[in-house]
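Can you keep this structure in mind? I'll have questions shortly.
For reference, chains read A, B and C in written order, and residue numbers begin at 1 within each chain.
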Amino acid sequence: MDMTLWNLFEILGTGAFAASGALMGIRKRFDFFGVLMLALITAVGGGILRDGLMGNLPPLALRFPRYSLLALVTAAAVFLSPRPVQRLERLIQVLDAVGLGAFTAGGGLLAIQRGFGEPFMVVAFGLLTGVGGGILRDVLAGEPPLVFRREIYALASIAGALLLLPLNRRMGVEAALYACFALVVSLRLFCVLRGIHLPVARKG
Amino acid sequence: MDMTLWNLFEILGTGAFAASGALMGIRKRFDFFGVLMLALITAVGGGILRDGLMGNLPPLALRFPRYSLLALVTAAAVFLSPRPVQRLERLIQVLDAVGLGAFTAGGGLLAIQRGFGEPFMVVAFGLLTGVGGGILRDVLAGEPPLVFRREIYALASIAGALLLLPLNRRMGVEAALYACFALVVSLRLFCVLRGIHLPVARKG
Amino acid sequence: MDMTLWNLFEILGTGAFAASGALMGIRKRFDFFGVLMLALITAVGGGILRDGLMGNLPPLALRFPRYSLLALVTAAAVFLSPRPVQRLERLIQVLDAVGLGAFTAGGGLLAIQRGFGEPFMVVAFGLLTGVGGGILRDVLAGEPPLVFRREIYALASIAGALLLLPLNRRMGVEAALYACFALVVSLRLFCVLRGIHLPVARKG
């Protein structure tokens, strides 16, 4: 299985997640170290939560620190010149969707491969990998988690993760990975472009 | 050992915890997904923290998703018609005490059964199972944890958990479970009815 | 290896961390139980996070509750008479640096001893042990993590942790432990005395 393209998706997604964490840290007046840490946690925090709940320890992000280092370098670059990154908001939103898709598919498939292949667990681990880092970012920044408040973000992740089990069984790992990825990314971008949101309850 | 009654306690407690998470999410203007997630984390988050610190992985809430699904269904119902639930505040407080008792007893006993039977660990795992979900709810909602601020809530859990070890040794699992449960619930409800609080320090 | 002196450092550091957690809880109007819990989590939370990510479960702080009990006793004393402790601010800052040094060195060395001796992991586990408790304290208190915002705190921990691997290989465990400790404490105190901070980004 040729993973070059897949690695590219993971790299783009890691960079986008790290950039969103770094921008949040800058907005909150964190110092250089704080910005780096928030970016790191945003980028690899979902995978760390997933590995923690899987008992896959130490987490991959510590054992194979490539993506952690990428997140730190990205954060340093954003810290040094945040303005151009902020101007690329639309591009970052696209790359963020790529990250959501790649992390969801990778996390869900890891669950299957480690023997946690019940549907509920596959979806839970895919979702946690996809949105966990952003939740940690928001909690550490003192913000209500964005994923609980706005737009079709987590639902895109869940919809994609639901594809993993049946496709993996019938068409193999690679097809499952890319189909899940494609569904998450396209659902997410479709809802961003159309401004589609979930309803909020009447305030009780 | 007949666990039918016990399962009923767990079901009632899970529903009450989920309802408190859902109401918090509605108050914070979370969307439908956010309300469901906050309810889920409130209901099973304590058990997930406990399983994480026990190395009991993946957590029971993922491996046996019955209670997770119950929490999600409860949350959806609360989301669709929050007003009646809010009017039942007193009932929810009683059911919440049932949940505190059932989760404390279940968590502490699981510690004993998995060989973590030192008194400090039994109490810690009982307490964490009982109050961990509520703490996660408050952190995710951006509120100071209620359990750190008000009333005899955690102390009731600790008092009950202290019964588990001696009763389990002398009278067996079932007696320990129900005695712990009964002490937690009655202490908690007594303090709710009487409005008994812990002291707060003079502000330094 | 004579660990008497080392235990003294750990005791002083645990007390200082617990005191900082207790003072925060008092400031936030937590009740007696909340103050105790926040102090406990501040003192042993970093080690619990480390053990969780190492798969060293249940965490040492639960299996050997000496330090947890020390934190609880410290917190009770601070709760009963916070004013004298607040007046000793400078002393607490010194003891806090002792704790940062001892926890960093102990956490990093534990990583090496458990076979997680890659440089990135040693530094990550040392840093997490040193600053994790303070981050949990701030998140639970609803504050942005102090370590992300001010002064050379985490950097001192990282610098010290970088010494552990080479010194452990060439000069043995004890030398590595004390050299790491000494570097962290002196860097931290130097920056406190001189008021040295990290830069904050231009607000984008």
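In the analysis below, contacts are C-beta pairs under 8 Å (C-beta built on N, C-alpha and C of every residue); 3 or more make two chains touch, one makes a residue touch a chain.
What you see is a predicted model; the values in this text were computed from it and never measured.
Chain contact topology: the protein chains form a complete graph, every chain touching every other one.
Its C-alpha atoms fitted onto subunit C, subunit B is found rotated by 120°, rounded in steps of 5. Taking each chain's centre as the mean of its C-alpha atoms, subunit A lies 30 Å from subunit B. Those residues of subunit C in touch with two or more other chains are numbered 52, 55, 139, 142. Within the complex formed with subunit C, the residues of subunit A that make contact are 23, 25-35, 37-38, 48, 52, 55, 57-59, 62-63, 65, 68-69, 79-80, 82-83, 85-86, 139-142.
Across the complex, subunit A is touched by residues 52-55, 116, 118, 120-121, 124-125, 135, 139, 142-145, 147-150, 154-155, 197-204 of subunit C.
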